[in-house]
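Before anything else, here is the set of structures, which you'll find just below.
Both complexes below contain subunit A, partnered by subunit B and then by subunit C.
What follows is the complex of A and B.
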């Protein structure tokens, strides 16, 4: 039996996540790993929106913020457990994306970019200014997920870094599996068709507005879950998670790694999360190096890092 | 041959790294050198580098050199937490100084408490040390105390109806809350409460609202950065003659320069001895410390000192003092924590620190000096 590309991607991801800790010189690397996975979850959602459906969003950090603040506020005010708060945040994000998505997904190109940008900025402003609820710009504490205590009761002692590495890794694999399945499903094919051309897709009988909305809602849920995990891991959340720069970061990760490929986008998330840690020694030049990497990738590998490298590799092998 | 060379080089590197870790006292720092709080974090980082340079030139402490591992978290709590983890787990530091903003300090203290590493914060928020956490200390006054100091002075001048205009950034929002909370204790009523965003270029509408409030007696502006300077200019443009108070967030020469000396004339601020270094009385206990720091900083970086650099100075001074008293060049973090908590009568630029198991700030209201701007310079207001 030949493995489908989908399964190969998942297998590669799984092996990388499981094997990586063997090479970790200190516990700090678990933290970086967990951050990479959490960013990669949001980026996987953006692959569905940007890569599959061809729609841009510069406001997805807003949904990250909703997910994060749900985990901070719902357990305190509604008395529900943090696990349900993740679901609540996802539901809120999906609801908001569904309501807002209907009018703004009628827009194209720059106009859609600006509309989503506005949405993200609005959410982050609400989070920063409604201090009586959100604690304002200094942020708010997030209740403990309680998983570490539970594991300790069962006789397993794990550090916070290790726990979140495996937890975020598991969620990422699940998220990537769903996204890869979507790619070959009728919905995925419809999304890719409308990516190519709205008009062509419509003449094929595809309900274009509905499919765009689906992609938008799904990617909002991914972003929300990523925010929830970030908040629960850090035990503290500030409006920065919903900020414009975070949105731009997420889109950059998606585009850098390879916008149409789940594995490529995760690769992009890895590079942009890990590189600043590597570059602390040359801190003054950090932004210059990041900018340079992006310019070079865009010029020489317009499909993104991973797809371009694979194409080159296959081309050589075929000769 | 090549493999051998690489092997040898790698071994040498590991050897160096190991030596590095043993022969030096490693102190970690995560500050917002860049980003929205860069105006605060930059002098803090410069101060730490300067002090470590000085200490090492003078032969280090306990015969060991100090190595400063400093990261720029850009004021983002998520980054601050990552760097705190890195400092503890990867760099193996004995203590952490940092957290320019209250948000980043809260992120670092979570790591410090979990990993049991002493942490001295340089941010203002009262929630950092209240409730008291075993491994977390801080050097700046709280904004709670700044409000008290201002209201105390207002009470003495017979002011009871105050208009407040605050920034919506972390500093302004937190101080606004604290001031609203303590105003009642001093018989003061906040009759107008206006806000502005950090990037705003004009605060005339908010100030007009405040001016039109009936029975107004004074105006207070909690905020830092360029906002307070714009408020000050607008205040004079509108011809408001009432007493005007700024927060400790403006305590630096740049505020006077930005707002113009004639506009800032008569503005009162709760500040530290650092700003009036030359005009301190000869018998003032802080005089020597303040002048030494001021001269060293100005001499090295050729820019005026700010209160924020002073906070970092005090944090490093407390830490160095504790390491020396503890007497072990490779201190156990728990022993070092005990030594910091035992700090008593240490004179810093901000005030005189005495920690206890119930007080991890170690300053009282007397450390704040009420300053007024006269002819473009800071002058201490004589307390009756």
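What follows is the complex of A and C.
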């Protein structure tokens, strides 16, 4: 059987995730890895929205916030387990995306950017201001997922860092698998078509508003799951997760790595999550260096890092 | 036979400009009806109204007997209307195969979740669609380029790609906006054959084309527009001989061309 691009991407991702710990100088890197995967989950959702469907969102951290705070609040107030809180957060995010998406996705370009920006700010304001529920700007503690205890009962001893590395890695692979399934499916083709030509897509019989909405809802669920995992890993959540800077961060990761490709975007998430950890030496210049990297990539590699590098590599191999 | 497409008193104004003004005509199954007229006569605007992209200020469009004036384009596609574009509207970063696969949307699209989970039903549809798309590409002579991205192809190739993509909808009526523009003599000949073939399979065709030789040869009926108004209508010979048409559009050179085509 010939390997399809989908299977190659998944294989590459799987091998990278499994092999990376061999090169970790210390246990600390498991945490960095987990953080990368958690960001990459949200970014994979944005690949569907921005890369496939061509719709920008500058407010997806809002859904990250909903996922995160669901895991902080639902176990305490509703008495459900954190696992169900993840599902509840995803359902809430999907519901909100569904309701808000209809009117918002009629907008194009900058207008859509500004509207989603507003949505994100609105959510983060609610989280910061409803202090009696959310703890306000100081944040709120998040219950334990309980998986480590369970594993210990079964006789497996893992550090928290290792646990979250493998858990987030597994969820990322699942998320990438879904996104890659979608790419080469009737729905995925419809999304990419309306991205390429809205007019032609409509005359092909594609219900453009419906498909945009589905992409928006799916990407909101990815963001929400990412937020839930982040909260459960950190055992603490502050309103920053829902903030504008986090939204921008996610979009930058998506675009930096290569907006149309799942693997590229995960690459972008890796660089932008790992670089600040490496750059702590520079500390006060960290943001400047990051900004510079982004500008240079966009000028010299407008398709994104991974697609540009692959193209160059293929060009050389072809000669 | 009842008409597939009935256009009645269709008008649209952009600001003060009446781009299409009180135009009526019919197209029956298997007919090739051509719309001719100088640049800016309103041909593309007429197509845009019929296909639901523009909302007419007056008049009506009926498709297979149902009133579809100002209906959404995707609903018109469902009712059997397909079109190509004068200014190409391909999906640039998709392969030619994928472009034509998108034309199968109404046959293959279902719920989103099975596509997300890659269920066998979804993958089966993709396989069947790919097969059908490949044979449509072969029909327009593009099967060798099936896996190239549309943005890498020439204008003439993309014109044919749009025809293949429109055929993928299995339309009852096909609107072609200057399909032979930018094509050489051989390619034009191929497009001529393709259009005749499509029509003989029972599809109604509404054609806008500047190549008069082609128009005179294949049309069963011609409508001449000038400044948005219908100035003549009839079989090719009558329209070509109509003094208003000659004055507005054909000119001396054009008439010679027509006579040449007749001889």
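The criterion applied here is as follows: the second predicted complex is superposed on the first by the 319 of 319 C-alpha atoms of A that agree within 3 Å, B and C clash if a C-alpha of one lies under 4 Å from a C-alpha of the other, contacts with A are read in each partner's own complex, and residues count from 1 in each chain.
Keep this in mind: a residue touches a chain if its C-beta (ideal position, glycine included) is under 8 Å from a C-beta of that chain, and two chains touch if they have at least 3 such contacts.
Note that the structure is a prediction, hence the values are computed from the model and not measured.
A.B. asks: Contact-wise, after the overlay, does A:197 reach subunit B, subunit C, both or neither (first, second, both, neither)?
C.D. replies: So A:197 only meets subunit C here.
A.B. asks: Could you tell me if A:208 is touching subunit B, subunit C, both of them or neither one (first, second, both, neither)?
C.D. replies: Second partner only.
A.B. asks: If you stack the two complexes on chain A, which partner ends up touching A:218: first (subunit B), second (subunit C), both, or neither?
C.D. replies: It touches subunit C, and subunit B stays clear.
A.B. asks: Taking the superposition on A as described, I'd like to know which of subunit B and subunit C A:35 touches: first, second, both or neither.
C.D. replies: Only subunit B is touched by A:35; subunit C is not.
A.B. asks: Going by the contact rule set out at the top, does A:188 touch subunit B (first), subunit C (second), both, or neither?
C.D. replies: A:188 sits against subunit C, while subunit B stays out of touch.
A.B. asks: Can you check the complex and tell me which residues of subunit C touch subunit A?
C.D. replies: Spelled out, the residues of subunit C in touch with subunit A are 51-53, 72-74, 76-78, 82-83, 85, 89-94, 98, 101-103, 105-106, 108-110, 112, 115-118, 122-123, 125-126, 129, 165, 169.
A.B. asks: Spell out the part of subunit A that touches subunit C in their complex, as residue ranges.
C.D. replies: Residues 177-178, 181-182, 184-190, 192-193, 195-197, 199-208, 214, 218, 260.
A.B. asks: In their shared complex, at which residues does subunit A touch subunit B?
C.D. replies: 25-29, 31-32, 35, 128-129, 131, 136-139, 141, 160-161, 230, 234-236, 238, 240-241, 277, 280, 283
A.B. asks: Which positions of subunit B touch subunit A when the two form their complex?
C.D. replies: Touch list, subunit B to subunit A: 71-72, 76-78, 81-82, 85-86, 88-90, 101-103, 106-107, 110, 114, 125, 127, 168-170, 173-174, 177.
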